[in-house]
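Let me begin by handing over the structure; questions about it come next.
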Amino acid sequence: MNQPALRILLAVYIAIFIAFLYGPFLVMGIISFQQGPEGGPQFPIIEWSTFWYKHVLGLAPPTRVAPLPIGEALTRSLTLAFATMVVATVLGTLTAQAFRTQFKGSGFVFYLVVLGMMVPGVLLGLGMSLVANQLGVQRTWWGTAFVLHVVYTFPFAFLVMLAIFNRFDQRVEEAAWALGVTPMRTFRKVTFPIIFPGVLSAMLFAFTLSYDEFPRTLFTGGPDVTMPIAIYGTFSVEIHPNLFAFGVLTTLFSFTLLTIYGVLMTASIRRSQAKASGIQEDIE
Amino acid sequence: MMELEGLTKFYGETCALRGVSLTIEDDEYLTLLGPSGSGKSTLLRLIAGLEQPDSGSIRLNGEDIASLPPHRRGLGIVQQNYALFPHMTVFENVAFGLRWREENPVTEEAEITKRVDAMLDLVGLSGFENRGVGQISGGQKQRVSLARTLVTEPRVCLLDEPLGALDANLRERMTLELRRIRDTLGVTFMHVTGNEHEALGMGDRMIVLDGGAAVMIAPPEQVFDRPQTVRVAQVLNAYNILQGRVHEGRFDHAGSMLPLPPNSEGAMHYAIRFDAATIVPPDDPTALIRATFITSEFTGGGVTYFLRGPDGVFEVERHLSRADPQVYKGGQELGISWAATDALAFDSDGELIVSSNMRGAA
Amino acid sequence: MSMQETTQKSALLKRNKKFALLAPGVIWMMLFLVVPLCMMIYVSFWTQTTFSISSDLTLKSWKTFFASETYFGALIRTIRLWLIVLFLTFIIGYPAALFIGQFVRNKTTQTVLLVACVIPFWTSFLIRVLAWRPMLGKEGAINIVLQKFGLIDAPIEVLLFTELSVVIGMVQIYVVFMVGPIAFMLARIDQSLIEAARDLGASSWTIFRKIIFPLSLPGVVVGAIFVSVMVLGEFATASALSGRKVNLLGNIIVTQVGSLKWAFAAVIGVVLTAVMAVVITLLLRVVDLRKEL
């Protein structure tokens, strides 16, 4: 569509929309420079200072404000996210591979898997707690919480891989087999390199979802907290600008990560485009 | 030598192939002509092992290969869409089979380079080794696909509509190229197509497939001159086929009495090839049927005339080397004539009624 | 081996391979998704006293839920909030998705815009929720800005610690879940369809109504499902922005679990599950998702 008036209108709208999305960031950014340690997380800014950044990084002198348990909780979150990413992507790829051909009960499996992302975290967390109680199993971030993280992220990885496989032309695999190459080796040398960008997306998805996961972990995480739980812990107590300083830091960090991911993706796409599409256009 | 016996394949309720049997000799160019839905791609896929037949057997030099997976059959397949590996260069594509196959992979880089270069030279793509697969034209992709298969020295090379996506000019050139390459290597080619010119022009032997069954297996000239069945004549797209019945020693086609070949009492179908008929003035004594002129089509080397006969469209083909192209007016009344010896009669089963003094087209 | 035998043998091999591929995922989901949910349903029928719980089955907790104003009211409030947020995210998100999916032709800009929408996610959801407090309060950013520009005389009080603040917070955080899927579907629409419609003389509105919107419907459904799942299970935003005033089903579950009233929490969980199930079934009626992929 090329209506110029409509286009400008929508462009303005998008600008407002993005302002709406990022408004809190701006506020968060500003308040993170609040004077500390007496300054609170609201306007007005009493005095500009980087106190809270130092506080977050553990470099500030001790105050009555408890520092965020960054070291441990952060490590746990990252480890959990990484493990979830690996397991979810593997499960997602295996299951999507099975869906490349029709089979009886495929509807059942499809909805069973997709159910994992359609059940609110509270419910799953509650259910798992009940099960854990009943079985006398301890709640741990690497046990009860981990399995729920996978339940949550596996469907996403599955759907991404499903979409990738749907667009994948099986005939290159058949060509490789006909040349005498075993199916195993064909997967490694032909199929996987082609679907790799998709696998990367699935992994990124899974990592992101797990890293910021909160309700499921709240119920099943056990005594050792992950980052989101640690932050939630400050909800009912007073909140301080150190939270916002932390928020700014994580935003910058994730921005960097996304940029790296973007660069990797573009490089991978460009490489495969240079040798791209040896596939003839449809004869029609 | 490959023997196919009674190959049958169903997709659900639909029968794609019914009891196809044939022998594929060493060092021959075999073409398979079949309209859409005739089962020709299915047949190739069964032979290659990409699908399993419901019944029947496939033997290669006496050995039953039907139970072998595709990567163990020692055959090659060049697919319709070329299926080149998008993430590899031309060289890597061609070398792929040699490097990574299960049986006797070539481990020495020097040996691989030697063979790949030789093959690229054979298909006329020297210098293209490092091109990306997305940077070459359709005809070049087809040659890479061919090279990739042939470098592994398959016992039989299956080609699925290899010339389908090429423009007419390129198609003609590739026709010659394919024959040359095959003759040089001595590999058996089984070339499947829906294009009758391709099938007729390229094969030592030709198979006509229709409705999942092999309806005729013979050298191309024989198929063209004496189609075994009415269906073959139809698939060739070179014959006028007239319906009618025998009446007092002649063939009664919608009132026109046509001369019959001898011993054709049970004839129900009558065929006369496009280039065996001539257009004559309507009251010419040799005119066998009357027709009105519809239109003509200039085909470069000749003209095809379309006329409306007593029962449908009648096509007459005239090669310009014979005479000046005649021009007619739409609706003009004309007569069509041919020699009785050029006519083919088919019985009620559609089978050709053979007589000893038949000969080919004029 | 006869033809029959080889065909049968290879069919069996194929089935085993398929089984091996599917088994891990299916088992995982059965164990860690289906079992906990079933457990929750089971426990909702347990007998719960102030200090203990036993597995004797009873309907008491259920009766308490439906009889009580507070709890039943929470159900109504949750559904109402969900509908409002769903509606708003749709209204606000669709034009944005339209712009990204249809009007931006450059693929890079499209990606940049989508990434811009996604980056907020990488900052912990909870911090983003908390960031609304200094924005909405009496001395918050919005009031300061509006007063500075002379648009209002006195600060708007109703922005924080009310249901409105919860709605604002939720919409802002979840609208991206609407934009993503819709933009994805819109970008997939073949431009030549729209050009052909134009050539045939269709107005922009007709093109939108008959081509663009229907084709974007799967994205709308997916977005609606995502938003619904998140909003119906919500408790953190409500807790942070409403100062305990807004109690959603999610909040009640959390408090009940906090005081170890498992059976009652389970009842609420089952009610929530039922609501979810109805919502998703209805949404999936609109579009068959499996085909769309």
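Chains: A, B and C, in written order; residue numbering restarts at 1 for each.
Rule of thumb we're sticking to: a residue touches a chain if its C-beta (ideal position, glycine included) is under 8 Å from a C-beta of that chain, and two chains touch if they have at least 3 such contacts.
Predicted model, so just to flag it, every value in this text is computed and none were measured.
Compared with subunit A, the chain whose C-alpha mean position is the greatest distance off is B.
Chains A-C form the pair with the most C-beta pairs in contact. Our note on geometry: subunit B versus subunit C, Cα centroid distance of 58 Å, whole angstroms. The centroid of the Cα atoms in subunit A and the matching centroid in subunit C are 16 Å apart.
Centre-to-centre spacing of subunit A and subunit B amounts to 56 Å, using the average Cα coordinate of each chain.
Annotation for subunit C: no residues touch two or more other chains. Contact residues of subunit C toward subunit A in the complex are 18, 21-22, 24-26, 28-40, 43, 92, 95-96, 98-100, 102-103, 111, 113, 115-128, 130-135, 137, 139-141, 144, 172, 175-176, 194, 204, 207, 225, 229-230, 232-233, 235-236, 239-240, 250, 253-254, 257, 262, 265-266, 269, 272-273, 276, 280, 290, 293. Put simply, subunit A touches subunit C in their complex at residues 1, 3, 6-7, 10-11, 13-14, 17-18, 20-28, 31, 41-44, 91-92, 94-95, 97-98, 101, 103, 107, 109-110, 112-113, 115-124, 126-131, 133-134, 147-148, 150-151, 154, 158-159, 162-163, 166, 208, 212, 214-215, 218-219, 227-228, 231-232, 235, 239, 243-244, 246-247, 250-251, 253-255, 257-258, 262.
Those residues of subunit A that touch subunit B in the complex are listed here as 169, 171-172, 174-183, 185-186, 189-190, 193-194, 271-283. Subunit B contributes residues 48-50, 69-72, 74-77, 79-89, 93, 96-97, 100-103, 132-136, 138, 141-142, 144-145, 148-149, 152, 161, 164-165 to its touches with subunit A in the complex.
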